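When the chains are written out, they are named A, B and C in that same order, and each has its own residue count from 1.
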Amino acid sequence: MSFEGKIKAGDFKKVIDSVSRLVDEIKLQITEDGVQTKASDPANVAMVILSINKEGFDSFSLDEEMEIGLDLDKLEDILGVASSSDFVELSTEDGSTLDVEVGGFEYNLSLLDPSTIQEQPEIPNLDLPSKIIMEGKTLKKAVKAAEKVSDYLILVTQGKKLTIKAEGDSDSVKLDLEEEDLIEIESEKDSRSLFSLDYLSDMSKSLSSADRVEMELGSDYPIKLKFPIVNEEGKVEYMLAPRIESE
Amino acid sequence: MSFEGKIKAGDFKKVIDSVSRLVDEIKLQITEDGVQTKASDPANVAMVILSINKEGFDSFSLDEEMEIGLDLDKLEDILGVASSSDFVELSTEDGSTLDVEVGGFEYNLSLLDPSTIQEQPEIPNLDLPSKIIMEGKTLKKAVKAAEKVSDYLILVTQGKKLTIKAEGDSDSVKLDLEEEDLIEIESEKDSRSLFSLDYLSDMSKSLSSADRVEMELGSDYPIKLKFPIVNEEGKVEYMLAPRIESE
Amino acid sequence: MSFEGKIKAGDFKKVIDSVSRLVDEIKLQITEDGVQTKASDPANVAMVILSINKEGFDSFSLDEEMEIGLDLDKLEDILGVASSSDFVELSTEDGSTLDVEVGGFEYNLSLLDPSTIQEQPEIPNLDLPSKIIMEGKTLKKAVKAAEKVSDYLILVTQGKKLTIKAEGDSDSVKLDLEEEDLIEIESEKDSRSLFSLDYLSDMSKSLSSADRVEMELGSDYPIKLKFPIVNEEGKVEYMLAPRIESE
């Protein structure tokens, strides 16, 4: 049982970053297709599903499927020293330690026992009525504006219009995005859901550099936010449970 | 009773910033000439007088004079998201809420009841003997240097020379500015006054980008610092009470 | 007894910085050759030896050798306001106060009584078997990588190879530097010593911009790190006691 993979440091940083915003430790599945993980935050409010195709790696070799346990903080800390254009070489013989070679340095990290890490969540199968594609930076800006007045965000679709708003005790803010402000909007039914800005803020930092973020929305239903990483050879999907509006 | 005004975000940020260094809440008078406010800090040591001509606005319409109560922190917070070249559109129908449109976002802020805000101070009518015009960055640099050794600043004019100095328990610093280092200096009588660096530090941050700051000085008298904003269509005037030198 | 010296602010900042990483107060000897100091940190684990030739100064005049007591924090604080290309003019009449003129400002700082400052350390006369010359930034990068996994650094020479490594409880990191990765390596005998990363981290910040750092190394012996400053007209030498490896 052994794995060797080589990937650009800049890409790998973004991968780790997108997951570490929700959890500290993950089980990573390494298969002949690439690497995958699923995780939910400790409060079970948000989930992340990550996959990177084998083609996203500069080189990738595996003799047997395996699951390894990763401490994401440790990995982020190490990658912090690398420049984005460096290559990271990852290898493990037996799943107990991970060799990370980057910028001339050879790190040897002890891996976590996957059985000690929280079970991977079941992903609910949701068919949401409103599908919007927008730039990541638009969503990030809206989240930042909303944080000035409230701690939750309201997302509303009406026909071909997406309204992002927040209502605090005394102040409110609203952003109307018409079809021409978005890359795409399809809505079978008007939607309206509320979400915690704490989570959206973390997620939006990670997706802010994505050219295309797919958002799926319903009424009092979870939101899905999907965006490509590693030159479209990987993808991150966030799901976030709604906050139910008190009357 | 309604007001609508449009102004460059960069200009409006500087306006708010120059006042918020002394107070958190202000009464703003909106008249057919433009907007004005006066405020003193809670300790009554410093005052700020602000005015922006109607011409400083990209558009300005008002049907009746009004006074509104502004929470400056809240406004600064919101403007922080805007880029300097954005335009801010301000409007209020009845003085109870303020609509702020900037960068596509529409904020609705509740205004303060002006009667709950500290009375505007009487501005003393002072005719000070020394009048100096200098670059804002010169004053800011001097304040920064003085902070290294003391918590008050001494300003002295002798003929056509301005000396800025500070004396700590063990160390001191001095900057001599001759006529050629200043834009202008006129002094009917030599002056010498001491001022708290706490206040001057805040003020100097605000005036540091001004090409021309007018300083008026006497002996154990308040200092006046006046500088233009909003492309010369507005002005800020600070007054700061002296600290009396202990013998 | 009087001294006057003029030196580039950027150079003088680096000089002060290299010493202030270990101690807050120093005795500085001013002789006809230039200025010198030696100091050890409060725990007596590290030493710094500093000298600047008279030629490192833009101008230098002295009528009698003297020793002055400097508060380095205070000096760093003042130099922080200067731009690197400014000149600093230092002068003292009697060793009780120091005049520092920089950027138009004239500071007058009280000097410390040298007799109140810790005695200067004896410098042990060490002839260490491994001598390596490398770029400062290589060492800094290695120290930063090591800090991710441990609180001490292991330096090993084997023939013409220098290995820098660190071993934490669960993780480790290693950097092999062959002859071609270094400027020079001469080793009479293989060496291996451990050093505290706390100290190396401070030192490496100071030497990171040096093109050539001379390292001398033995087995369980102190390390010497020597690098030029002030356009080769001065030098800094650090010595750091080893940590003895527990079996």
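Convention: a residue touches a chain if its C-beta (ideal position, glycine included) is under 8 Å from a C-beta of that chain, and two chains touch if they have at least 3 such contacts.
Here is each chain with its UniProt name: A, B, C = DNA polymerase sliding clamp.
These figures come from a predicted structure and were not determined experimentally.
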Count the residue numbers both chain B (DNA polymerase sliding clamp) and chain C (DNA polymerase sliding clamp) use at their shared interface, divide by all numbers used there, and answer same if that is over half, different if under half.
different
Only C-alpha atoms count here: how many degrees separate chain A (DNA polymerase sliding clamp) from chain B (DNA polymerase sliding clamp) in terms of the superposing rotation, rounded to the nearest 5?
120
Averaging C-alpha coordinates per chain, one finds the centres of chain B (DNA polymerase sliding clamp) and chain C (DNA polymerase sliding clamp) separated by a number of Å equal to 45
Where chain A (DNA polymerase sliding clamp) touches two or more other chains at once, the residues are none
With touch defined as at the start, can you tell me which chain B (DNA polymerase sliding clamp) residues reach chain A (DNA polymerase sliding clamp) in the complex?
74, 77-78, 81, 103-110
Which residues, counting only chain A (DNA polymerase sliding clamp), touch chain B (DNA polymerase sliding clamp) once they are in their complex?
141-142, 144-145, 148-149, 170-176, 181
